[in-house]
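Next come two complexes, and both contain subunit A; in the first it sits with subunit B, in the second with subunit C.
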Partner chain A sequence: MRAGYATRLSRIAPYVFMAPAVLIMAGALLWPLAHSVWLSFHEWKLGTPQDAAVFTGLENYRILLGDPDTLTSLRVTLVFAFTVVTLEVALGVGLAILLERPIRGMNALRSIFIMPMMIAPIVVGLLWRYMYNEQFGPLAQLLLLFGVEESPPWLSSPDWALASVIIADVWQWTPFIFILALAALQSVPTSVVEAARMDGAQARQTVFYVKLPLILPVVIVAALLRLIDAFKVLEVIFIMTEGGPGLSTEILSMRIYKTAFEFQQLGRASALSNLLLLLVAAISVGLVLFNKLRERANESG
Partner chain B sequence: MIHEKIAAGAVLAALALLPSAAAANPYQAYSGTTLVVSFPNHPHYDAVDRVLPEFTRETGIKVEVDKLQYTKMRDKQLLEMAKPRGDYDLVAYVVFSKTDFVAKDLIEPLAPYFLNPALADPDYDPGDLIDVYVENAGLVGGKKGYLPGPTAGLYGVPFGAETSVLAYRRDIFEKHNLQVPTTYDALLDVACRIPELEPGMGGLASRSQSGHQIIHAWLLHLAPLGGRIFDDHWNPIFNQAPGVQAAETLKQILACGPKGGAGQGFGGMKELFLQGKTAMFLDSTVVSGEVDDPNKSRIVGKVGWALHPTGIRRGSQTGGFGIAIPRNSQNKEAAFLLMQWLTSKAVDKKIALAGGSPNRKSTFADPAMQRQFPHFAVFGEALKYADADWRPLLPVWVGELKGMIGPRLSESIVGDAPIQATLDELARRTRQVMEREGFYTYQ
Partner chain C sequence: MKAGEHRAAGSVYYVFLAGMALLCLAPVVLMVVTSLKVRTQIFSDTLTFFFIPTVSHYAEAFGDAALTRTLGNSMAVALFATALTMAAGCMAAYALARFSFFGRGVVSGATLLMRMVPPAVLVAPIFMLWTYQFGISDTLSGLVLAYTALNLPFVIWILQSFFAQTPPQLEEAARLDGANPFQTFFFVILPIVAPGMAAAAIFAFRIAWNEFILALVLTNRFTRTIPVEISLSISEHNIAWGKVMAVGTLIAIPPLIFTFIASRHIVKGLTAGAVKG
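Then we have the complex of A and B:
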């Protein structure tokens, strides 16, 4: 009898211990998500009570998918996210390989390199808006020193603005990739590198055929984290361009903000948030699957 | 000695019991109250900051100011006013928010307060408030929903209201013997000659930041050039000839404007003028509070003022701010007393002296004020032509339509998208939104 009770207790115990965490997760994560889905099927205007929300079925999704501005915003988001992540990975890994070597003053250099990442995004936005100022900004002054009197319309032209905010994002977040890639490089066993050298591999070959394949899983995870972040970035663009000129820098998170606060359509903003969530989830799952397939291929190879 | 103390105590007790002693001071019942007000970061409200301590000294009512950038202020106000109990007791709002706030039942009608003899000051003189400012900032429910009319009610009082005037560099105009433009043709001519005559200087500063700012700039020219957003039955007509001409005008102004002028909001545009980078400024009167402040301006004593040039008709804008009491304020009566004090004749003059925008006829007409601010004569004249219908103050305009039109307009004016085709597409989409919102129910 006693033994049966103990068995039952030991069977229940894990669920009892897990229950608080599960409840907190459900409350903090699933409830807002469920509310967002509920809201996306309603028309609810900002500044009115929630009981004023009217059920409209799929109307919000229909309006969004038929809206050319939303589709433009989706295109801008994809261009922004994939460009910044590609540039950040290339520069971050490149810098990590360069700065991995034991050179005097390297610790100080590494500290300087990671500083942009520690600055609040709002400050980064203000900083770059000032940098790009065509009258008084440091870039305009620098160009003047080289005899260029007409500063490019960094933020005031639809042709330049997206590139300008991409530069700001790359400046801030390359250090994130750099620091993870550097840690991964430092954890590569020296015996493997030594063995490659003894086999006659040149420095370039060691990097491309030994080190990079070994740190690739870390780089993929870092790139995935950056990609998720890049889809959600708001503050820097909000401060620098507010999505303009035109819709040239209006990424989806900016459009969600405008739909909620400017257009005052909370239901439609929720629907757009859900679409963004689906998009990010699909891309993330795709990258994780790619990584697993690659690992499996390596194992079987 | 004891008798004297007893007698003094009796007198004090008797005074405290007299009803007239309490009634003589409308503020007494609210002394010690703390009011939280939502104000914009704006030159008029900077001037208000300098005057507000007097209110606390006079009344014992404390005031906490929550200041935000004016286009972002509305987001926080909406969230705050939608709560059952709000933190704000008085809100300043850009005039285009008035119908939105009333439609959502977020602000108080003011008639009950002006009817309350314990609150309303008999010397307030509402007829002295500038009529077009009251129409633009305070009246809701009249013609078109936002203009005066027999069905309109008062929900706010103008405070920091503005019209448009042309500010120009007198020294530059005199140096090159230029005529102050009175028509749009002359304005564009002078604006594009200045960069040739004064290398490094732009002709006219203008807002052009994507969104609200570029729409404001376009509308500023649309009304004088004979256009409107809607006809009287809410059909979009902004893609007709005046709309295209207003966009082309703005494009030309930017092309002849100062370096770095494209993409600026109101603050950036004002700064370009104050720093001497442009010879003209055609926008809100509020800039007058800063042009002669040596801490903010490099053009002290060099600015002349003229009326907004004429296109097909003369029409200056009406904008700026009003103040209202949120429905969910916990201190409505005290908030009304602050509203009344801030917009009284005496305080209107004090705020104008501190660099703010007057909202009363008596301030403009005061000879002492006119001596100190000679431009008041031009401003008073401009108010005669102020157009309360230069933009539609509908909730749907403030929300969805402005957000839809702003970026696309920016692509045509700052970018290279064809103007007529863009406006045609926007008119078509505007019609869809208006249809969805029920504006064509009677058609």
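Then we have the complex of A and C:
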């Protein structure tokens, strides 16, 4: 009798453990995502009762895909995401190679390097908006020291704004790639490096033909994770430029927010959300596939 | 000769590292410095390194009843969301790490994919559901629910690896001593993974404390959190930079404290998934 009770208890245990998390995620993540799909087939204006939603089929998607502004926004998003990831990986890995050696005081340095990632995105946006201020911002003051009287129009010109927000993101996330790449480099077995040296490899050859290939999988996964995160960026740009001037920094996330709460078109905003989700999902699938391949490669060799 | 060269190369490394650290620090330091300057110094167009610091902007911030209320809201929401996330997350992570059960693969895969969802995607539907279905928009509990859900996938993912590292013999021993699975979990396993839980809790707190866009659409004048408050104060035409930077510093303080007490754990959390673990 007692044994039966115990087995029954351990049989239901995992479900009891899972239940709260599954309920919360189902109610507050899955349901909204499903609702977003439903909403995207309707026209519904912010502030009207919910039953005022009118089914319009694929109309929202048709309007969005025929709208040059959507395509501009998509282009800005892709340029932003791929540029920041490329710069961050190049800088992060490059610096890690330059500085790869046991570093005294790395604990303190590590705290400093992760600071930009820990503070609120909204504060990061604020910081950089101040840095870029053309009258009294630190960058303008610095340039003045070198005799440059007129500050570049960092955030006020459509030609500069995207580059300026890219710089802010690179500032925030390059240390992430650097820390990762450094850890990976330091975990390369010394025997491998020794062997290369015995075979007469120069320091540079060791880096490019031995170490880099060994840390490549870690770098690729880190780059894909950053790419997914780059598509999630919203708040830094929200604070710095609100997508402007014009549409020059209007990433899709920004446009979704504006469509929903400024143009008050919740159905269309949902349709745009789903398009962004598809984009991110495609990259995620790439990440999962890559991890699978890596596991298989590790198993076989 | 060789040693000398080595030493020279060594100092170049440290100059380089110091330069990087300076680049990371400079904007943050400038924010703090600006928050301590009087108005005329802030709006001057030349660099001022030496000045008499003033706490007037902080006094102004703390004297502003609306602002202290948003600070309180932020703290309450972040703490409750963290507690709820940890309670639900620990149990779920343990189940995923240790039991095989019906639907395990689906839940585990879905959890992983949820991490990829951009917050902007959730803004419109969550606003609508919270307002019309659940009736919890403009409330702090509504925000707590949203943040808990947003945090869970990530927290479950990190915690899972901590639970997987505990030796299974412990559960076996507890079972033989007559403990049921729930007793085993609460009294044997949880105490062991406490350090991992601390790291996960820091992440959950940081996301809830820093979050802006959902708070912007889910709160009103009374339930606003501090990031929302600061965003409104810089959309005005004449930005009170001194006060804004003081509030920015206040927002940055809790995450920065965590950064310095637990940097190693945080790096592990940030890189979970990139390096196998």
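Here is the rule we use: the second predicted complex is superposed on the first by the 243 of 301 C-alpha atoms of A that agree within 3 Å, B and C clash if a C-alpha of one lies under 4 Å from a C-alpha of the other, contacts with A are read in each partner's own complex, and residues count from 1 in each chain.
As a convention for this text, contacts are C-beta pairs under 8 Å (C-beta built on N, C-alpha and C of every residue); 3 or more make two chains touch, one makes a residue touch a chain.
Nothing here was measured: the structure is a model prediction, and the numbers come from that model.
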Using the superposition on chain A described above, determine whether A:245 touches subunit B (first), subunit C (second), both, or neither. first
Name the contact category of A:58: first (subunit B only), second (subunit C only), both, or neither. neither
For A:148, select first, second, both or neither according to whether it touches subunit B, subunit C, the two together, or no partner. neither
Looking at A:261 after the superposition, I want to know if it touches subunit B, subunit C, both of them or none. Which is it: first, second, both, neither? both
Mind working out whether A:278 is in touch with subunit B, subunit C, both or neither, as first, second, both or neither? neither
First (subunit B), second (subunit C), both or neither touched by A:135: both
In the overlaid three-chain picture, which partner chain does A:20 touch, first (subunit B) or second (subunit C), both, or neither? second
Given the touch rule stated above, what does A:289 touch, subunit B (first), subunit C (second), both, or neither? neither
Of subunit B and subunit C, which one touches more of subunit A's residues? C
List the residues of subunit A that touch subunit B in one complex and subunit C in the other. 135, 140, 261
For a test of understanding, state which residues of subunit C touch subunit A in their complex under the given definition. 13, 16-17, 20-21, 23-28, 30-31, 34, 42-47, 84, 87-89, 91-92, 94-96, 99, 101, 104, 107, 110-114, 116-129, 132, 145-146, 148-150, 152-153, 156, 180-182, 185, 206, 209-210, 212-213, 217, 227, 230-231, 234, 241, 244-245, 248, 251-252, 255-256, 258-260, 263-264, 266-267, 270-271, 273-275
Touching residues of subunit A toward subunit C in the complex: what are they? 6, 9-10, 13-18, 20-22, 24-25, 27-33, 35-36, 39, 50, 95, 98-99, 101, 103, 107, 109-123, 126-131, 135-136, 138, 140-142, 144-145, 171, 175-176, 178-180, 183-184, 218, 221-222, 225, 228, 231-232, 234-235, 238-239, 252-254, 256-257, 260-261, 266, 269-270, 273-274, 276-277, 280-281, 283-284, 288
Subunit A contacts subunit B in the complex at 45-49, 69, 133-135, 140, 150-151, 153, 155-159, 241-248, 250, 258-259, 261-265
Complex interface listing, subunit B residues touching subunit A: 75, 78-79, 81-82, 100-101, 104, 106, 208-211, 258-260, 262-263, 272, 277, 399-400, 402-404, 407-408, 410-411, 414-415, 417
